[in-house]
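Shared between the two complexes below is chain A, which has chain B as its partner in the first and chain C in the second.
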Partner chain A sequence: MSRRIIILILLFTATLIASFTATIILNPATPSELKGLAKYYVLNTINETASPEAVTAIVWDYRGLDTIYETLVLYLAIVGGLAMFKMSEEALLKTRIGLTLLSKTSTKIVALLIASIAAAIVFHGHLSPGGGFPGGSAVAVASMIIIPVFAAGTLIEKGVSSTKLVAIRGAALTALGLVALLPVVKGLEIVTNQRFYPASILGLPISGSLSLYNLFESLAVASGFTAIALYLSIPEEAHKGGSGA
Partner chain B sequence: MITSILLLIIAPLLSIFFVYMAVTEKDLLKAAAYSAGQSIAYSILLQAMSTPDIVMTYIAVSVGLYSALLVFVISKTERFER
Partner chain C sequence: MMKYIVVGLIVFIVYVSFAGSTSPYTLATATIISGVLSALTAKYLVVDERKLMEPWRLLVLIYYFFKYMTIIEFKAHMDVVKRTFTMDIKPGIVKVPVNAKSRYARSLIMGSITNTPGTVVVDEKDDYFYVNWIYVSSPDPLEAKKAISEEFENFAVKIFD
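The block that comes next holds the complex of A and B.
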């Protein structure tokens, strides 16, 4: 134990000395004004994309095609991951006993809190920091604490199956693709935002397609990660018993 | 200003502490918890650099999803490293 402390103190000292030396030798000056590209985004985002959030505007509008391909890559990765688990739902139904009542009740409260924060991140993603991927992963965190506490078998009995989750994911990605492709019908280029989609509906600022992209991306991410967690929650014994019988 | 500079000094040291503890720990569940601690230190660092978009993604993925995945995977093997 004392060896650990000595090594930690050595590491701390080395880090501090290295960073102070680097600061003194390199002397990096703090930039006092924005550079060209940053200035362009800060000044023009609100007019060109109807969104005050430059990051979401860059991710889904200026560089929209990049993000759509990235979503596609994640989709293929999760499909590949699911293809490796060759699992019947009988094995999942064996895990029906969850944890105690105390942890079940506290998990309900915590999961509700996480889900509401996730909803705020998703539905406000085009106006404030946040967006589809962070919100979707927050929903996935909520489901990942629900699955071990309530046991996968109980969830499957209530109608949450991985087939349905993958179907939700596919539907959300199809909708995302349609949102990107619809402007082509009117002769505009793909992933067009402001020239095709309205900036607000009934007085609600939706920033054109940005809020739609956020919604569908969060659905896709949340259902994909939940499906993976559902498969991972099966204990090894149930797996072996299932294949042996 | 002074708080963000202090955070910029403290958070990396905290992350070094958590990384070292995670690497040397024999109990894998504790190591996963230390790894989550390292992620929290990084989130503080990113917030001190005022990048809230990155913080949101990073905290959900590295503290939530990654730790949960690690716990699921550890439950499939042994808890203690030999």
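The block that comes next holds the complex of A and C.
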């Protein structure tokens, strides 16, 4: 018993000493000056994009076109993923048991909390770190715990089908594309932000198109990942038996 | 109606605290989001609306929270710390009866058992929990219940049943 305690104390001391030395020796010096490009963004983001959050401004405004093509690539990847699963939802309807009642109760509460936080991430994406993709992924986390706990069949019975999810995804991406294209009508470049969209509505800061992109991107990401998760929960027998469509 | 208000209020509080701001923009979006989420989820979250009208349940929950997080957790931790050093353990899985009816009460009991070090609920069947216990002082279900979950259950029944 005493040897156990001595070893524990030694380990504890060694860890403390190691972490202190590492901090002192490896101390990564913080740069005291910003580089030119960084300085440009820090000084001009708020005026040029009406957003105090430089990362979102870069992603959806300065290099907005790039991000929109990236979203399209992800869309195609998910379409490709879904096309690989040959199945009907009948196979999923057989899985209805899920986990215990207790897991279901806790999952309901946790999923609601995740959804609230995800909404905060999405709607503050143009004001503080966050945005459409992180928020949408957080929603996807909620659906990824709901699917195994409640079983995919139960969700399909409640009216959540992958067809609907893919439709939501398509609609969200169409809306995203429209937000990017609308300025062209007035003769501006594609993905124009401040010269076309208002910086605020009723005094509430929306940073022009940035909050719209965040909203639609989050819907697209959440529904896309949920659809994939739903397909991934097909029982193995359904594949083997060839009961797919 | 009450259930929509309560669920919406929870969403509102979580949203505002996570956003970390009380600007008009945050409050406006929080109102919209809490309305939408509570309209979508309240019917799955609240089974018996009348219990929401009894505020003393909330008071018991708050009292239980503080008692659990301080006294009960401290005792359980000290016990396991002692056993870690002395290796005085007798692990095993015991059957513990549950009398609480509502699923929230049961979840609270299960969470309380699992969150205290030394005991983990591994399964639930009919009216029994199966608890993996670090020191099985008695395999008898009633004796085990006295040692593991009786206090939790008394509170859970007061709060949720």
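The definition used in the following text is that the second predicted complex is superposed on the first by the 208 of 245 C-alpha atoms of A that agree within 3 Å, B and C clash if a C-alpha of one lies under 4 Å from a C-alpha of the other, contacts with A are read in each partner's own complex, and residues count from 1 in each chain.
Here is the rule we go by: a residue touches a chain if its C-beta (ideal position, glycine included) is under 8 Å from a C-beta of that chain, and two chains touch if they have at least 3 such contacts.
All values derive from a computational prediction rather than experimental measurement.
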Touching A:Ser106, do we find chain B (first), chain C (second), both, or neither? second
Would you check which partner chain A:Thr13 touches, where first means chain B only, second means chain C only, and both and neither mean what they say? neither
After the superposition on A, what does A:Ala140 contact: first (chain B), second (chain C), both or neither? first
Is A:Leu232 contacted by the first partner chain B, the second partner chain C, both or neither? first
For A:Thr23, using the defined touch cut-off, is the partner it touches chain B, chain C, both, or neither? Pick first, second, both or neither. neither
Considering only the touch criterion stated at the top, classify A:Arg4 as touching first (chain B), second (chain C), both, or neither. both
Shared chain A footprint, chain B vs chain C, residue numbers 4, 121
Which residues, counting only chain C, touch chain A once they are in their complex? 7, 10-11, 14-15, 18-21, 24-26, 28-29, 33-34, 37, 41, 44-45, 85-87, 103-104, 106-107, 110-111, 121, 123-124
Report the residues of chain A in contact with chain B in the complex, numbered from low to high. 4, 7-8, 11-12, 15-16, 19, 55-56, 121, 129-131, 133-134, 137-138, 140-141, 144-145, 148, 225, 229, 232-233, 235-236
Along chain A, where are the residues that touch chain C in the complex? 1, 4-5, 100-102, 104-106, 108-109, 112-113, 115-117, 119-121, 123-124, 127-128, 203-206
Within the complex, chain A is touched by chain B residues 12-13, 16-17, 20-21, 24, 52-53, 55-57, 60-61, 64-65, 68-69, 72-73, 75-76
